[in-house]
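Shared chain: chain A. Partners: chain B in the first complex, chain C in the second.
Then we have the complex of A and B:
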C-alpha cells in the first residue's frame, strides 16, 4: 500500500513537473526577442540595465549589440546587400538618409508613431526622404565650440571668442603667452568629422554649401565655404592648429582636448562636457564651457547632426522594434542621466534643464534652437561621395599639398561628378 | 619454347591493358583526392570570381532601380577617375617597396639563419613573431610608435637631435608611403625568409665544397650556386609578396585612413562599393587589381619556372 502511495505521489509530482516545464517552455517560446544595434556609448552595462525596464513593460527581450559608430554603416550595407536585416532596430545617421532612402532599405515609420511625439522632435524632418519618415531621432547632435576658460584666463582673456576671427586672435595670444603650444583643435583626418567641421565653419560664416539646384556655393573667394577653408589653412600656417591634427578624427580630438592639449575645440559635440567633467577621462574637469561663434554674432547658427533609429525592411520583428523605439523616445531623460545620450525631444531637454540635470544645460538649450539641417533640400543620395571628397581634400590642404583655390575647385568637381552618377 | 608473332602481340596487348587498368585506378584515386579541393576552390574562388567579372558589366547600384547591362562602361570610367589614378600610383609604389624589401631582406635573413648553428631556432622564432601578429594589431602598434607627440620614434630622433619638434610622418606623402610599406614588410618578411631558408637547406653541401675547391668567392658562389638552385622558391616568395602588397588594406587604412596620399586600391574598392554604394564599379576595380596582381606575379612564376627547367 505504501509503495503504491509513493508511486502515486511520484507520478503526480512528475506530471506536475512536466506540466510546469511545458508551460514554462511555451511561455519562453512566446517571449519575443529583438536585436538592437547601436553605437557604443561606453556604458553598455548601464544601458542593458535600462533595457530591462523595457522588457518588464513589454515582455520583449532585447539583444543589445554595440559597435563603434564607423563600423555600423559597413555592417548595414553588407547585410542589406545580402538581403538580411543587420538588426531589428538600428542606428540611422543623418548622413545615410539619402543613400538608404533611395535604396529603400528601411521601413517607413510615418503611421507607426504619434504625430505629437514626432512633432516634439524638431530633427525628425532630417530623416525624411521623398516625404516618408525612415528614422526616429534618439540622439541629439549638433556642433558647438568647447572652450577651456581656465586656459583663456591664464592668457588674460575673459570671455569665449564670438567670431571666427576672434578665435584666431585669441589663439595667437594663447600661443604668444605660451599657455598652450597649439591653442585650436579641429579634426583634419580624411574622415567624416573633418567634413562636418568644415560645414560648421561655413555655417559660422553664415553660408550654405549648395543652392536649391545643388550648384556649389563655396568656390567664390567671398563665399562662406571658401572663407571657412581659408580659416583652417590660416590657423595651420600660423601654428595655431597642431599639424598632427591631419591624423585625428573628431572623437580623437575630443580625447586630446580632455588631456588639456588645446584651449578651443572647434566643432565639438554637445555631449562632450560629460567627458570633460569626468575625472577618470579628463584633466580639464570644471574648466570647459560651450560656445558658438559667428561672423555676425547677432546670427549664431549651427548644424544639426542627429542620430535616429530605423527598422530594416527585412526585419522579422517590426512591431516589437516600433515598441522599443517608442519606449526609448518616452524614456529619453532617464537614458540621458544614465549614459549621456542627449535627448531629441524638446520637452525632454527642457525638463532636464529645468531640473538642473543637463550638463551645460543653459548653453545646450540655447544652442539647440540654432540648429539647422546642413542641406535644406534633404541629404542627397550622393552625400557619401561628396563628404569623402571634402574630407580628403581638406586633409590635403592641411598637409600643405594643395591651395585653398585648388581645393574648392576639387570639391566642386567631385560634387558635380557625384551628382551625374 | 619460343612464342609465335601472334602470341607475342597478345602478351604485349595484355600487358598494356593491365597497365591501363592500373593507370585508371590511379587516376580515379588522384581525382577523388583532388575533387574536394576543386569543389572548394570552385565554390569559394572561381564561382565568385566569374560572378564578379560578369556583374561588373552591369550597373549594380542599390540606390538606383534596375541592373541594366552597361558593357565596359565601368572599366572605361575607372581610367578617368582621379581617385583611382591616385590609389593606383600609391599601390604601385607600395608593391615596389614591399617586393624589393621583402625579397632582399628575406634572402639576407635566410642566409644568416643558414649560417647559424644552435642559435638558429631561437632567431627563427624571433623572426617569425611579426608574421604571427594580426595586421590590425601590427598597424596599431606602429601607429603608436610613429605618433608625432608621444611616439617612441620621434622621441629617439629628438634625443639624437635629428628633429626638433613633433615630426608628423603622415603629412609627407613619401614618408607616409615608406612607413606603410615598412609596417607591411615587417610583417611579411618572415614568410619570405622561411621559404628561402627551406630552399637553402635543400642545396647539397657538395656543391658548395666544389665551388670552394674551384676558388669561387662567396659572391660568385651565391650567384652561380645558391641563386639558380633557389630560383623556384624565390619566385614563389616574390609572388606572395606581390599578391599581399596588391591586397594591402589594414596598414594603409589604420595609418592613413582614406587620405589620398596613402589610399591603396583595395581601400578605393571598399570606399566605392561599401561607402558610395557603387557595387559594380567597385567590382570592376577589384577585377583590374586582380589582373594587375596576376600579371606581375606571372612574370616571377614564369621566370622562376624557366630557371628551374634549365637546370
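Then we have the complex of A and C:
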C-alpha cells in the first residue's frame, strides 16, 4: 500500500513537472526575442511602435538597439572579433561588404529570400561577395544635385545645370550677379561624405576609379577621376565654393544649404527635400529640386550607397532574423511614411511616388534607376583605408596644401599600399 | 583725471599685468567659447542655426529643445514628434548611477590600497605599486576585445555591475597613486601616537587617517567621477540598450543619418555638463588641496 501510494505521488509529481516544463517551454517559445542593431533614424520611439506590428504578426519580440551612424561599425567589429553577434539582424553598409565578406562574419542569404523580392531591389548586388548575398538592402541612398531654382531664376537661369561644366558656368553667373556669395556647396571635410562626392563627380565625368585588376584609373589628366578633382580645385580657386566647406561633412552641408547659403548642392541625398521643405528647419521651402548632371547628358549616372541588414554567423536566432528582414522589406512604404527610411524596392518607390507620398518622388524614382555600384568589381576589403586617404587628400587640395597632380598620385599610392597590406 | 589716479593706473597696468590679463582672457575664451556656442545654438530656432555669418546671440531665443528633452512637451523626436524624454531620462540616470558607483568603488579600494602602499611594509611593495601605476600607460582599446569576451562569459554586458567593475579597474591606478601621495604627505606622528595608545592599524586608519585624508579622498572622487562621466568607448561597446546606455552614447544618436538637429544635440550637451559642473564648483577647494598634497614629496 505504502509503495503504491509513493508510486502515485511520484507519478503525480513527475506529471506536474512535465506539464510545468512543457508550459514553460511553450511560453519560452512564444516569447522568442531578437535583437536588431540599426543606426538611429532620429525617430526611435516611432520605430519601436512600428516594430510592434512585426511582433503582432510573428509573435517575435524585437529588442531594437540604435547607435549613431559613426559609432555602429566599431561596435560591430569589436563584437565580431570577440566571436559574439552584436545582434541578430544588424546594419550592413555598402562600404563594409569587402571587409566583412572576407572575414566571413555574416550568413549567406541567397536561399532565404524570394528571388522576386531580391530582383525588386536593384542595389542588392552591392552586398554580394564572391557570388553570395550577405545583406538585404533596407535603406536606399544615392547621390543627386540639389538645385535652388529660385536663386537660379534670380540670375536669369531657367533650368538646372546638365553637365559639370554647366554647374561651374551657372555658379559664375550667380556669383557675378551677386545672387549668392558661394553658389556651390560640396562637403570637403576629411570625412566619408567628401570621398563620396568625388566618386559621384567621377561618375558625372563617366569614369571608373579602378580597372578590373584594381589599377587606379584616376591618375591620367584626361581621366574622369582627375577631372573631378580638378573641378573641385577650380571651383575653390574661382571663389564658387566656400573655403569653409573644408570643415563641413555632407550632413552639415545639407543644413547649410537649407539656410539658403548656396544655389547648388553637389552630391546631396535623395531625402534632403524633407529638410528643405520643412519651414522649421529651412529658409528654402519649395525652392529646391533634384537634378543629375553628366559630362554626356545623354548618359546620366549616379552612385549607389545603400544600407542593408545582415545576419551574423553566430546569431542564435537566424530564422527569426530572416523573418524580421522579410517583414521590413514588405513594409517599406509604411516605414518610409513613418520614419523616412527611403525604400530599396523599386515597386515601393514607384508606389510612393504615384501616391504623392515621396518628396521629389518623380526624380527619385527616375534617378534610382541610374544608380550603379561605386566599384563594379565589388567593394574591396581595403575600402576604409582607401576612403580615408581620398577624403584626407581632397581636404588637402581644398586647403591649397597640395596640387591636383600630387593628390591623385597620393591617392593612387595609398590605394596600392592598402591592397598590398 | 587727477595726477594721483593716473599714477595709480600706470602702476597697476604694467606690461606684465596686461600680458597676464590677455593670457587669462585667451584661456577663458578657449575654454568657455565652445560652451557658450553650444548654449547659444541650443537656444536658437533651427532655421537660424545655418545663418551666414552665424548669429552670436539667438535672434529669437527658444527653450523648445530643452522642453522637448525634458518631456515638458512631446515634440523633440526629429522626424515624427514623438517624445525623446524617456531615453534622455534613462541615459541621465544611467550616467549618474555608473559614475557614482564607479567612483564609490574606486575610492574605497584606493583608500585602503593607497594606505597599504604608503604605510605597510611588505616584500615587493614598490614593484607592485609600480606595476599597478604602469597600467595607466595601457590604452583602453587594446584590452576592449578580451574584456568584451570576458563580460559576455560572465553575463555582465549591459549591467551596472559590469560597467562599474570596468571603471574601477580603469581608474583605480590613478586613484591609488593620488591616495598614496596624500597618505605620504600626512605626518606619521599622529598614527604612532595612536598606536602607542593601543589603537589597532584599522582603527587608526578609519578614525584618524581617513578623516585627515578627506581632501585627498574628495579630490580622487572628483577626478574619478569626471573620468567615468565622460566615458564613451566603454559604454559604446558594453551598453547596447537603455538599461545602461549613458548620455555620452545617447547624445550622438540625436544626429540621425537624415537629420542633424544641432539645437537638440547642443541642448542635450549643455544639460549633460551640469552634473560634473555642480560637482566641480562645490568641491573645487578639495580638488586643489587634494591634488597638491604630497606634491613636494
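The rule is short, and it goes like this: the second predicted complex is superposed on the first by the 391 of 421 C-alpha atoms of A that agree within 3 Å, B and C clash if a C-alpha of one lies under 4 Å from a C-alpha of the other, contacts with A are read in each partner's own complex, and residues count from 1 in each chain.
Keep this in mind: a residue touches a chain if its C-beta (ideal position, glycine included) is under 8 Å from a C-beta of that chain, and two chains touch if they have at least 3 such contacts.
As the structure is a computational prediction, the values presented were derived from the model and not from experiment.
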Which superposed partner A:252 touches (first chain B, second chain C, both, neither): second
Most chain A residues touched (candidates chain B, chain C): C
Which of chain B and chain C A:78 touches, first, second, both or neither: both
Contacts of A:332 with chain B and chain C, given as first, second, both or neither: neither
First (chain B), second (chain C), both or neither touched by A:63: second
First (chain B), second (chain C), both or neither touched by A:283: second
First (chain B), second (chain C), both or neither touched by A:271: second
Residues on chain A lying within both footprints (that of chain B and that of chain C): 74, 78, 81
Chain B contact footprint on chain A (complex, rising order): 73-74, 77-78, 80-81, 99, 102-103, 105, 189-191, 242-244, 246-247, 249, 381, 384-385, 388, 391-392, 395-396, 398-401, 418, 421
Residues on chain B engaged by chain A in the complex (per definition of touch): 62-64, 83, 148-149, 166, 168, 170-173, 256-261, 263, 271, 274-279
Chain A residues within the chain C interface of the complex: 35, 37, 39-46, 49, 63, 65-71, 74-75, 78-79, 81-84, 86-87, 139, 181, 251-252, 254-256, 258-259, 261, 269, 271, 274-275, 279-283, 338-340
Residue ranges of chain C touching chain A (in the complex, touch as defined): 45-47, 49-52, 77-80, 82-84, 86-87, 144-146, 148-149, 152, 233, 236-237, 240-241, 249, 252-262
